[in-house]
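In the two assemblies presented below, chain A is common to both, partnered first by chain B and then by chain C.
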Partner chain A sequence: MYKEKTIPVMIKDIKKETEFVKRFTLASVDGKPLPKFSGGAHISTYIEDGDLLVRQYSLTSSPDNTKHYQIGVRLSDSSRGGSRYWHQNMKVGDKLHISYPKNHFPLSFKAKHHVFYAAGIGITPFLSMMNELHSRGTSFELHYASKTEEACAFYEFLQEHYPIQCRFYFSNKKKRIHVSSLEEHPIGTHVYFCGPESFITDLTESASQLGYPASSVHMERFTPLQPKEVKAFMVLLKDGTLIEVTKEQTLLETLLNNGIKAPYSCRVGRCGTCELQVLEGEITHYDSFLSEEQKQSQSRILTCVSRAKSAMLSLDI
Partner chain B sequence: MKWTDNLENFPYPFKGSTYRYSNNSVPMKKPFCIEVTPDYLEEMKLKRDLLTHHPERCYQSLPHTLTGQWEIVELVMDHLAEQYPNQFSLEKKGRQWRFHNKILEEKHDFTFGDETTLPDEPLAFISKHVQEDLIFMMQRDGDLFLDAGQLCFPANWSLAFNLGMKFKSIHHPIPGFKEEGLDDRILQFLMRLEAGNPWERKNWSLMAGDRLDTSLETFDQWGKLRKQVTKKNAGELVHIRVEVQKLFRLPRTNGILFTIHTHLLSLEKLASNPEWLKQFYEILSELPPHITDYKGISLYKNEVLEYLCEQLESGKVL
Partner chain C sequence: MRKAIFVSGKRKYLFCGAQEGMKLLFAVIERVKEEGHPYEIVVIDDIQESLQLSDFLKKQKMGTYLYVALSHTELKRVEKTAEEAGLTEEETQFIGYGEELKRIFCCRCHGINEAKNFEEEILCNQCGLELSVSDHYSVYHNAVLGYVAKL
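What follows is the complex of A and B.
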């Protein structure tokens, strides 16, 4: 079974960015340098709180800083334990494990100009991306929407470091990011979207209508695409065992709870590690890993997010 | 000098009684990207000679790879010093580094990140201290490209030709690779490689002769030996060539370091292990023509099988 290696770290500092966002500084427990990372990278954090809470957070510090990592965590209204634990329980000196840095949201190499669109806590992956572009001397701009100036995480940092590149849109001042902004970028621009689902969908659709090549449009979702209507289904394993995946659980969770050593890593439908062969049954795919062709073939499933469309799936495990 | 491993250290590549192309990668148990073997001194001398006299053939890099090259320098030096503390040491004082290769009795003081303080480009420099060939693949805009490499011991391919090419284009000549969908699957596997979780695999072929530097450019010099294989000389002349390939995600550039350590063993020595002899005979007998052709075995496969069969009969292990 694939189980990723982790790094033991300690909380060095906690700063309140805004009412709902805290910035945590992490350092390795043994004092060894942390790995460098690339712009847009994130880590998985592992917290033992009765259950194991695994969450992904973008690294907001400088990619070359090997002494500390920083992450920004927003207290989510619908927290299933992750951000609530970070906000209410985490103290300076606490220890936890983190993954090595990973990057599912890399900067384009061929882009002539980079434009970032952030809403709310969607700002976090762009901080390391801007750092990288700035040190390379590459041109970029940021369009950042927030409810108010006070609720705008990293506002002062951005004003100080990238005053020319940043434009802020505060809805209490009746300013909003309008999709027509996409019309103003020169040919060769790559655009990057991070924020709530509707924000990403609106911008992505407009970019497509304006004729942006799909390869010039990049996005990162906070959460995987959510099934609109979740229903329970049965899975048949190779040894003939039949188990039920309830509405409340993912296929992966069900497999693991039943003692089956199913592979997994990211748990958000990005890395592809949990892919299993489907021998029979129809799948509804919710991942961002398989290609359209692979999805249509209906022969493999990412168990961490995808579910059955038919009443039963027969799996090769 | 014979480039032949001893039996105990030889990375024997086979499982089962048949062989097909596959992604046979496994997570590494000991996550080191290099290995120092008893052939170190001889292989370093050969490698450095080749790099001096045939630089275009053995070293290529694109200008945007410098950050990645430094990442490779750091990874390789860290691993050398950590795994072989009696042979190598590394002192870091901020960006001022001292690397000591005690086997070759060489000390290098340099400033990390500053190419002007090294005698060569970073990748070329560090490659002169390890037996492995070092290939740097950059992940750019959703694909993998061979953007820099030091390659002295290729199994019949050309670094200069492949520079800047995409993963799939590089592997296009492998028969069945595309048709079986292996190119997509392995590309996807590589793109999802994660830092801290390196993988390794073994690749094999047969060759007539015992040259490590079998580049495409020098085929005229070594390819003709294939015609000289007989049942009588196969044990001595024909070698099994195994590449131990390791894959590391480099977190700073999000690129991939691919290291290749090539091992050669004569059939004679392989045959001295009765289990290996039997298994290899079965595998080679069953090997389909598209694989024997690509691996360059077709011309002397029958001679080798006759030789192996004779060994089996003499040892009565059939």
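What follows is the complex of A and C.
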């Protein structure tokens, strides 16, 4: 099975940001500097809790700080173990493994002005991005929606460091981010969205209707696109083996459970590591990696999120 | 000559050019009018007007699409102005007319030559090699590649 290289780290500090968000500070176990990263990068964290819990979190610290990394973890209402473990079991001094930083949400080098739209814990990737832009002296602004001021993670930090650039929208004060805000951005602006699915969809559709070029619009989802209706399907492997992918499992999980050395990394349809050739069958794509053209060709699948549309898929593995 | 093509789905269309260039944008302007999209026409007939274009472009909002039709000699400068204002290839069309001086990169000595747009073969002014003018353009050199014309 593909296993990426990891870095052993230790929890140095835990700070409660809000009722549901904790900030964790990580440092390497051997005291060596951690790799530098770029704004918008994330790490995968590996926790052994009976099963191996692999989760991705944006790095919220300064990209130049190699002494420690910071991540912000929100306790998810529907936690499948990851955020619950971070909130309830993780203590200062605990050790775990993390991946090297990866960036699927990088800053544009062409932009004249950067505008970030965050909802809830969607703020996390923007913290390192704003840090990078601030140190470069590049102009940016943040529009940040939260239920209340108390539930607004990193509120004090943002007020202290970027008071001019930040605008907050608290729904208990009847303030909401309106898509019309996109009408105000000058030529050369790049916009970045991070938050729940509906938040991203509304903003992306509005930007497209206004005529924003696709390359000026960037987004990061918490979770991959969700299938409306999940169906079980069969998979035919190269050696003639036929296996069933149940409703409850992803194609990747099924392959791994059957002892097949399928490649993978992010597990959220972003990195493309798990891509496999499809020899026969129709695919419904749920990833944000393949281009529209590649998706239409129906010849490759990201096994971590995408599923079969037809009753069977024949895979080149 | 490159033709202006209508690109749908923009909140505003900008047409910039000299009187002669406007003729080349006529079909697209008519279409924009017919479909009822907001638009603005800026006639650039002297250098002063082309210098003011920079401030005008910087005031535009995202979702604006720019068409420029100018003589090849003036077009390059306006292309640069638009790029500096933040407009990308996806938001612009540049239509040139008249004589164009192409820059030709010699494949042997790497020298830069200039040729008129109708010339298919030239002699490199540095090394004397006979060059066939290709359409292989380099953004880095702002020149097209000149291949060996005769082996």
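Of note:
Note that the second predicted complex is superposed on the first by the 315 of 317 C-alpha atoms of A that agree within 3 Å, B and C clash if a C-alpha of one lies under 4 Å from a C-alpha of the other, contacts with A are read in each partner's own complex, and residues count from 1 in each chain.
In this text, a contact is a pair of C-beta atoms (placed from the backbone, for glycine too) under 8 Å apart; a residue touches a chain by one contact, two chains touch by 3 or more.
Bear in mind the structure is a predicted one, so any value in this text is a computation, not a measurement.
Placing chain B and chain C on a common chain A by superposition gives a fit, with no clash between them.
In the superposed model, A:273 lies in contact with chain B only, and not with chain C.
By the touch criterion stated above, A:171 is placed in contact with neither chain B nor chain C. Taking the Cα centre of chain A as vertex, the centres of chain B and chain C in the superposed model span 60°, given to the nearest 10.
Once chain A of one complex is fitted onto chain A of the other, the partner contacts of A:65 are absent, as it touches neither chain B nor chain C. Shared-chain residue A:213: touches chain C; no touch with chain B.
When the two structures are aligned on the shared chain, A:36 is found in touch with chain B, with no touch to chain C.
Contacts of A:110 after superposition on the shared chain: both chain B and chain C are touched. After overlaying the two complexes on the shared chain, residue contacts for A:5 are found with chain B alone; chain C is out of touch. Of the two partner chains, chain C is the only one that A:189 touches; chain B does not reach it.
Nearest C-alpha atoms belonging to chain B and chain C sit 6 Å apart in the superposition, given in whole angstrom. Shared contact residues of chain A, touching chain B in one structure and chain C in the other: 110, 215. On the side of chain B, the complex with chain A involves touching residues 27, 31, 64, 71, 138-142, 188, 192, 194-197, 251-254. Contacts from chain A toward chain B in the complex involve residues 2, 4-5, 7, 35-38, 41, 63-64, 99-103, 106, 108-110, 215, 265, 271-273, 289. Those residues of chain A that touch chain C in the complex are listed here as 110-113, 182-189, 191, 207-216. Residues of chain C touching chain A in their complex: 9-12, 57-65, 85-88, 90-91.
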